[in-house]
Structure formats: structure tokens, C-alpha cells
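Labels A, B, C, D, E and F are assigned to the chains in the order they are written; within every chain, residues are numbered from 1.
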């Protein structure tokens, strides 16, 4: 039995044994992106990795080394890519990474992959990369499937109600807000500086994008809503409920692919 | 004054005169995609073009020739790209088209572009292409901005309520449903075959994607919800309200960029 | 039986039935390109589409949605890509479009494709795209073939003599000239403004290209020869003869591939 | 004064001195392509290089190291890329080579480049590469121009008449025929094996391409017309006349770009 | 003063302040690669990151989030990319990552970057990416320079002699051997399993590569030489000496670029 | 029996016969790169070609037309790509060339290829291209293998000692030095100008690269060490010994792949 759910910490022999036994691979996908003055630049990396570790535990999987750098931050979901600290790849590069990793894990003998996304803007590019790779593998008769998801899609409405008490601003402006800050307070309190939270009103963003961005649309904090109401307790609740919903959905899906 | 809002029907001299007077360019982006047995494959093309024509009328713009083929249909928003009739480009190609057209219209002297999207899956790739092009143009000191939007984001909640009477299934399963069918009945009734609508329950799709798709998740019709309740009157209402909201938003934004 | 030869106007179920019966797919390829003060920017699109419709009628095929934007206009065949209104893709993008569409129609079950070109500059890039796709399909044992042609190669010498009465300037300078204008007068008279024809001598262009172009080599009209002698009658003759020659050539070729 | 017109044989110091004096760079572009049983695979390389050397002599230029491998042979101009010995690059690679070399020679300080093409199929891809590079250079204010030509476009009608005596089959089927064989007999007789010429009728090729090619359309020799009538004398005449016409055209064009 | 040398653990405001003060950015580049039964798959990541942290401390820099996945393992330096666990990117993807990160850090205002490589095979691709980006930046007048190095090039001969006592097998077969194992024993002993070291003779590899690899050339351990002689003490010595040499070289170079 | 070991000088029929008999293909890879005032720009091309001809003679192979232009010169191995005369491709282009040629020779029926490199900087990009192509061919069941080598790796220590008498400066600074000059003096004395050798001390280059390069690190000659000690006799010895070692290694490897 592997000594860690993190593939990167295993030696190759142990890793190969786990794959031979059918362990699914969970690939956390984050970003290096400003999250205001109170959260670290790697928030999306460590949250997707933490969610991945819980999922791995639940389904007997392994967590791959994360995709650290993600797609460009967009103003309506992450404040915009003009901001200092936000360090992004372009579409072609992220697509290639997703495609190549799918092919590499398939070469190792893995049959089931989960791209666990922690940065909104990544999704369509992960999809394209995984689509290309699984289509190529199908063409050559290899049975490899990939599940793609963003973890916040597994936060249920009751939990939202419980945490936000009716003032949920919408996922679109949840960048650096209550969800991420609470999860970080629970998981990595040493990386959070709650005293630096800027309690500003949620951003008012139009129903379209404009490029180049009009920088004044992003609040001074870089966050799209206030993290004032964040708490360690909310983080624990979010992690528990979301991990559970994720594990249920993924294990149900994986069961459908069994021989 | 141009004899048509459609750039493609103008001769070059007339077109150049309009650009010289500052006409914004609206680029409709569609797809060739199955929309069930009752709607034509070019539904997304003709609807984005029609929305574009109304917007052009309102803001003194021109409608560019459409981007006809779009990104791969995804199961949760369009039934999936495995379906016959759906004819798609990959990400790199759509990104290049958006980037190149932005640069070409800038070369003509256009300063304001609107990508008016009619196919959900296109959005992020249009964004990447427009982002690349506007960044290049900025680097060389050219003042060119691009607005990106999907037209259904301008349908307001009252209209949804009025049309769906509380049974709105969500935009995610609106593929081939009441919205698109009503608009087509109003605009292009000759292309609609209402007798062929398959009145099936809305699709139950998971909160993730899986690739290769499990084909059984898409209803037999290829539509994600029933178009039974569609009507010409609903289409007229949708077109009027959405066109109006679109025109207001775009003209407000354009006013901000004036010298 | 399909209600239209235009694939884009069919619903997916009707389209699939036609493909299942072996209908070849004809893909019109145009451009958005200046054609002087008397012809619309989409001349190459609508002419290739019209030729395609007649070919489809003759061979029981379907006309795909057109490739609207084409390769850069070159000075010796289209006046040059520096001219306002001309809106072009680069080589890589057009190659990708041709490759991807070939693969998509093959996925639908189509075995015979015809790229019907209406813009001189496109040809080699369509060839590369179709070559890549058919080679990939062959490698995987799929019997898919693609025919590539430019419609003016099917205008016979008698017709040229009949129309030009000895003053045929050569296809190279036929941009915006008698051929295209006559066809447009016959097919889409509402898009032609004959009163705006500029009756200038045919362009004198060198036997080489130079880049950046020397703009003064292109006549002020943007046309490479005068359309003065164009007529609706000539257009009808050209369409009839060329359609017939096209249909004969393509049906003969297709017959060779039958099982 | 350089000891050779061939850049590749010069040392860097001598080369730099020539560039500093304004020497134009002539880039021969060939292919490795079957030319029947009597001509070597590098026919297009050595002929474009020989034409380049004469042009360099006439205009005080230098001949760059050749682009040895060219674009895929097409059936209607080179017999097809399915034939053994024909060794080709794809479009993207040839475009990159043309683009990169243009940028590199510009970096050296060269202002005038001539792509001298010896393989029909290359032309559009050289054009794209040179177009991209000269556009980039213009954008940054660099005055660099590129001339693109295929040498046979400078064979005049009198010479054709003199050599073919009324039986000129057209440039399209001149692959491995009288022109190339005569030039090789004159320039590189040791590489020609006249006894192996296969005297077959000119190929009858359709007015379209079909992919995959129908191999039976290419004559057994791989040549599209017979080289029977080739002679050293015809080669000398062709070389003299064509070189002269080339030199006149290029020097006239270059004079237009002088400050 | 930043609370961490690791950029990813800083909030954006703190990061921006450090950049504004001129902090160089050090980008560790690793790989996910088998390193035998005794070392974890992320050995190259954590070692380059550790070296980076020491360098950052010495020069007042920040360590960027690492490039986790690297170029394909080659048989002569890493055992080969056919081995399970080794998870690699292709050349184009790694080049893009290096290029894009250089441009992103330049956008933040960083002027001096150091790519600190921990996986032999990466080097040329990092070079290409950094070369492209710095050339683009120069073209637009931005003063950004990048240093590229592999850390083992800073191990001096005395240290080698001290550690290997005359039996240094050469860097080429140092994969999973004494150097990496000693460093890991010193830095991350909890990730090393010394009891699993396979004490096999150093690999005998030819002076060329062959593809596909002949798998039998790689020792069963996946290591190219034995780690038997590794020790925590040797690791400490290597880290101290190498860090010192690195810091001296980099600070000397950076001093040359000061205004 | 072919009349030449150079494929490019053979006609297609003779070439095909040689391939049918199992002749391996040797692909020389050079560069157009400054080599000081005494050596021509094509030094790497002609030396790799000459080594290839000897290898072909020894193993019954054919020498393909060379890859003439190579990857960017790097300061630590070739003086840097900022120098006039050095004319280079980027990574993507060289990778594509290596990949495409491998696929083309495989299509001809060749099973064994040797990339014989004569320019240090090329190696990793040739590797990537050959790796991609051989992997694709394997996937489709084709038995094609490629050997990759740089010829100086076959110069043995005794020869180095004999020629340099203890003052060997290392391969890294052997650019334009004793090895290349001696080989050229032996093989192509007419291209060498020994009187122009600049007898400067070997370059002192750091253990890292910096980009943009600091031009002052490259000696004025462009050579990294002095060619003063070069001689025709040393060239003969180097050629004999190296050719022999190369032939032994390659023929041993090829024997392992025989059925």
C-alpha cells in the first residue's frame, strides 16, 4: 500500500504497483493568481490538491503532481490577467499539458483519470486537451476515460445557504471570497492573513468581457467579493460536504466503466 | 449610407467609408450543430447573425460575415460532438480565427469589435483569440477593443419568467429547447418543423464531463430540453427584449471608449 | 428526400439519412475580399455556393456550410491583402479548417468530399488540409476521398472565346472582371451595382510577387481587369457550361471509387 | 570581393562585408523529388541554385545555402507524393523555414531577398512565410523586401517555340521533361542518364486533384511528359534566356526600392 | 519583507512590493521521473526548489512556483521515457511554458530571471523558450534578462573528489545515484528509502541514442549508477558548496546588468 | 549498385532499389554558422556530410540530402546567434524537419536511419523529432529505428591526446578550433584560409547561459578556441579514427535490430 496518496512522493516501483491495481489518477489543476492581500498566490493549487487528496482517499486513487500554472485570469472570474502576481499560461500551452498528461498516464497503464479543477478559467482548455487525448487513445483501441470537474460545482445549495445566510453573491464573484478563504483557513491557516481582508462590496461586472480590460472594474483588493464572513468552521463544512459529494459522483461514474 | 448592415453584401468602397466613420464591427459566431429533428444545423449561425443585425441597427455598426463553424459540442450544453451533423473545429483553429479576424478588422481601421456568440462552447476560445490580438495591438500602440458576449446572457429574469412560467430548466439544458425554437419560429419559420419536436424530459446530466462521452446521457432527440412550449410570440418577445438589452449594454460600453 | 441541398438548412435527422444513403458533401470555399466598387465582399462565397448547389443537384450531394473566410489576397490574383475590406485568414488556419472539416464529415459517415474553391489563393492550403486528413483516415483504414477543384478550371475554351471574343486577359487578372461580374449579374443581380464598374485597363503585373506589395501596381478599382463587358447572359452561359463540366468530371471521378 | 557567389562557401567576415555593401540574398528553393529514371533526386535543388548563381552574378548578390527539401509533390505537377524517393516537408515546416530565413537575413542587415523557386508546389508556402516575416519587420520599421518567383515563369514564348517546335505540353506536365532534362544536360551532364529516358506520352491529368491519389494516373516513369527531345543545346539556350530575363526583372524591381 | 522566499506562498501585494524593489525571480524546473526504488518521483522538483530557495536567500530573490513536469527522460541521462512513473511533456509544451513565464514575470516588472534546472533533458527547451521571450522583449525595448543553468554544473571538482573518492562515474550516469540521493537524504530524508537502493554497476550506455529505446540498456533499478555510497553528510556538503558557487556566479552576473 | 552514396545524386529508380535491399539512410545535419575568418559558413554541413559518406561506405548505406540550416548558435558552443552569417532555424522548425524526414524515409521503406549531427545545438531537437516519428510509426506497427549521434563523441581520448598534446580545451569551446579546421584542411582545403586564423586564447565562458547574450564574451574571431595548431595531418587522423569508431558503433547497433 502506498505510503502517500501523492504520486509525486512515491518511488516509481510503488507507483507502478498502485497503477497495476487499477488506481485512478486525480490531476489537480490550479493557477498562480492574485487572491487579494490575505490569500497566497497558490490558493487554487493547494485547494485543488487538498480536494484531490480527499477524493483519492475515498476512491483508492492517487493524486498526480499538480498543474501549477493555469489559464489567464479573466476579469469576471478572477479580476483579470493584468494584475501583478497573476502568472498564466496561454490556451495552447494548457491544452498541450492536459493532452500530454492524459497520454502519459495512459502509457503507465492508468485507465481512469480525473482532472480536478480549482481555477474557473482552466476548464475549457482542460476539456480540449483531454478530448484530444481520449479520442487518440480510442482510435487505437485503448480504454481510457477522463472525468473533468470544478470542485465548487459540488457545493450543494443547503451548504451555500448555511454559510452565506442568503447573501451568496454567485460563483462568478467568489474569487478570493468566503469560499476560498474559509477553505484556506481550515486547511492552511498559516498561509492566510485574515487581518488583511479588504471588506469591499462585491464587484459589479457587466454581462460581457471587454479586452483590453478596463482595470477600474476590478476592486482594489483584486477580490470580487468580500471574505469578511469567512471562517475556519465554514471551511471545514465546505470541505466535508464537497469532498463527500465529489467522492459519490466520481465513484458512481467510475463504477459505470468497470468491466 | 450602406445599403445593408451586412458587411459581406457591401462593396469594398462602401464598407471602407463606413469604417472611416467609425462603425463598430459585430462578428456573429455560430456553429453547425445538431439541434434535434425540428431545427436546422445552422441555428446558432442564423440566430447570432439576426441578433447582430439588430445590434448593428441600434449602434450604427456593421455585421461581419459570420464565423460559421464553432467549437466542439459538449454533452452538457449541446448534446456532444459524437452526434451526426454536428461539425466542429478544434480549439486552436477557432482561437486563430478570432485572433486573425480581430487583426484584420484592425488593419481596416475598425476600433471597436463585438464578438456576438451564439454557441455556448465557443466562448473561451473566442476570448483567447481576441485577447492575443488586442494585446498585440496594444503593444504596437493601436487602440482597438473587443467586446465578447453570448446573447442569452442578456435575457432578463422577467422574460424568463414570462416565457417559462416557472419551469425554466436552466441555460445549460436550453439546447434545441424553448429559447432557440421560439426565436427560430419568429425569425425563420420556414426552417423550423414544429411537428417534429420530440417532447422529452429535460436531460439529467452530471456536474462533470466524461470523455469519451457516454452517449446514453443525451436524449434521443439531441435536444437537452423540450421545445414543446416554444412559440412565435415567445420568439418575438425574446428577440425584442434581448436586442434591447444588448444594444444598451454595448452602446454604454462603447461610449466609455470614446476619445 | 432532403428539402434543401444546403446541409445547413437541414435538421440533423434528415442530414444523417442523406449521408447514410451515400450523399457526397460539397464544401464551398470562398473569401471576404474586395471585388471593386460594383461587387460585394462575399462574391467568392456566393459563387462557390451557387456552383456547389448545381453540382449537388447533379450528383445527389449536399452543400456544406461554406468556408467563408479564405487565404490572404495576393496582388497578382486578387489585388493584394493590404486593401480595406479584404479580410483573410493565414495559411495555418485555413489548413486546419480544411483538415478538421474532412475529419468531421468522415466521422458522420461521408465517404466522398468535394472542396469547391472560389478564391484562387485558397487552393494549396485546402490541398494541405485535405491531404493531412485523408492520409490520417487511410492510416486507420477509412475509405474517404476528397476532390479539390477551382470552378474556373472548368470553363472551356469555346465559352471563353464566346464571351471574351478574343480579348480574354487570362485567369490571373480575372479578379472582379467579366467572369465574376457576369455570374453575379445572373445569380445575384441585387448585389451588383453595374453603374459603379470602373472601366480601367487590365493590370500589368510582373511575373513575380514582391512583399510588402507595391500598392501602386493594383488598379484603383481593386479589380485586375474591367468588368465592362459583363452581362447577365454571359453569366447564364458561364454557369450552365461550367456546372455541366463540373458535374461530368466529378461524377466520373466518383464512379471510379464505387465499390 | 567575395571569392564565391555562394554564401555557404564564404567565411563570416567576408559575408558580412558583402551584406554591408548591400548585396541582395538569393535563396534557391528546391525539393528532393523523383524525376524519372534519368534525372537525380536533387534536380530542383541544383537547377534553382544554378539559376541563383547567374542571378547573383548579374545583380551583385549572394546565393544563400538552398532550402533543400520542399513541399509535397502533387500529382498534377510532380507525379505525387506517394512515390519512392520523393522526400517532402509539410506546409507548416516550409512556411516556418521561409519565415525564419527572412528574419535571419534581415538580422544580418540584408534588405533585399529573392526566393528563387525550382519546385512548383513550394510557391504558396514560401509566400506565406515571406509574407509573415516582412509584415513583422514592417511593423518594427525595418525596410526589408522579398521577391518571390519560379524560374520557368521567365522562359519566354519564343524560346518555348524554338525548343518545343509547337509541341509544348504546358508547364503543368513539364516535370522531368524537356526543360529540366535539357538544363541538367547542359549544367550537370554527369548526373543525367539520357539512355534511361522513358519516352511515354504526356500524362492525361484531370482538372482537379483527388486525395488519396489514384496512382495509375502517374506514368510509370514518374515524369509527366517525355524528355526525349531534351538536348544540351536546348539547355544552354534555356539557361541563357531565362537567366537574362530573370536578371532584368529582378534588377528593375530592386532599383525601385533604392533610397 | 516577504515572509517566505517562495512566491507561491506570498499574497499578491507582498509579491508586488518585492518585485518593485528589484527582486530577481528564480524558476525551479524539475520533472516527474522515476529515480529508482529509493527516491520519489519528484526528486528533480524538490531539489531544484531547494537550491532555488538558497539562491533566493543569497541574492534577495524570490522562488517562483516550480515547473513541475519536464521534458521526456532520455535513456542516457534518465533511463528513458518508456518507464512507468516518468511523466513528461513534449518539447513544444516545455518551450511554451518557459517562454510564457518569462513574459509574465516581465509583465509584473521583474527584470532578472534565473531558470534553475534540475532535470538534464530540460535545458535546450528552456533555452528556446527564454530566447524567444527575451528577444521579443528586447524588440519592444524592455530590459529583461534570463540566466539559465543546471545546478550540477556548479559542483566543483574538489567536492566530486571528496565525495566519490576517485570513482565518479560522470554526470551522464548520475541519475538516481550518489548526488541526488545524498541531497535528498540531507534535505528530505522522509522521502528516501535507503533500504531499497539497488546496488548495481553503472549503466554502460553507447555514445548515441537509439529510438525506440532498447529497454534492456537501462538497469532494472531505473538508476544509471548506484546510490550505495550516498550519505546525509555528502548531501550537506554538496548543498553547501553548490549553493555557494551558484550564489557567487549569479550575483556576479546580476551585478553586470545593474544600471 | 548505386553510382553514388549520395541519395540526392541518384535517380529514383536506383534509390528505390537500394532501399528495397535494406540500405540504411544517414541524414547529415549541419548549420550555416560563422566559424571565424578562416572557415566557411557551411563547415558543419560539409563535415557531417563527409562523415556520413564514410559511414555509408562502411555499412552499405545512403547519405540523404543534408539538413542544411540548424538550430540557433549558442554562445557557449558556437559563439551565439547574434553574429552575422549565422543563419538559424528555431526549435519547432528543426523538430518538424527531423520528424517529417523520418516519416518520409519510412514511407519509402527504409527501416534504419542515422541522424549524424555536426552542430552541437541541434541534438535535442533532432531527438524530439525522431522520437515523435518513431513513436507514431511504432503505434502503427512499423519497425523503424533511428540512431542519433554527434560525430565528435566518437573521437577517442588517445586521438585527442595525440592531436592536442595535453592542451585539449574541451569540446565546449572547440567551435572553429583545431578539430574542425584540421578536418576541413584535410577534406576541403580550398574552403579554408589558414592565413586568416586568429590566434586568440580560448574563450572563458560561464557555467550558465544568459539571454540576451553579452556579446563581449565571444572572442572577436567568433571562434571559441584557436585553430593555430590545426593541420591537414591531424584532420586525416581525426577522420580515419572517427569514421572507424562511428562505423563500428553503428554497425554493431544495426546488427541488433536484424530479424
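By our rule, contacts are C-beta pairs under 8 Å (C-beta built on N, C-alpha and C of every residue); 3 or more make two chains touch, one makes a residue touch a chain.
Everything quoted here is computed from the prediction, not taken from an experiment.
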For subunit A and subunit E, chains touching each: none
Comparison of B-C and E-F by number of C-beta pairs in contact, larger one: B-C
Separation of subunit D from subunit E, taking each centre as the mean of its C-alpha atoms, in whole Å: 47
Separation of mean Cα positions, subunit F and subunit B [Å, integer]: 54
Subunit B: positions in contact with at least two other chains: 90, 92
Chain-level touch network, classified as line, ring, star, complete or other: ring
Ring of chains, enumerated from subunit D in the sense that reaches subunit F first: D, F, E, A, B, C
Interface residues, subunit B side, partner subunit C - complex: 7-16, 19, 32, 34-42, 45, 64-69, 83-90, 92-93, 96-97, 100-101, 104-105, 108-109, 191, 193, 196, 222
Interface residues, subunit A side, partner subunit B - complex: 72, 74, 81, 90-92, 95, 121, 123-125, 127-128, 130-132, 134-135, 138, 145-149, 153-154, 206-212, 214, 249-250, 253, 256
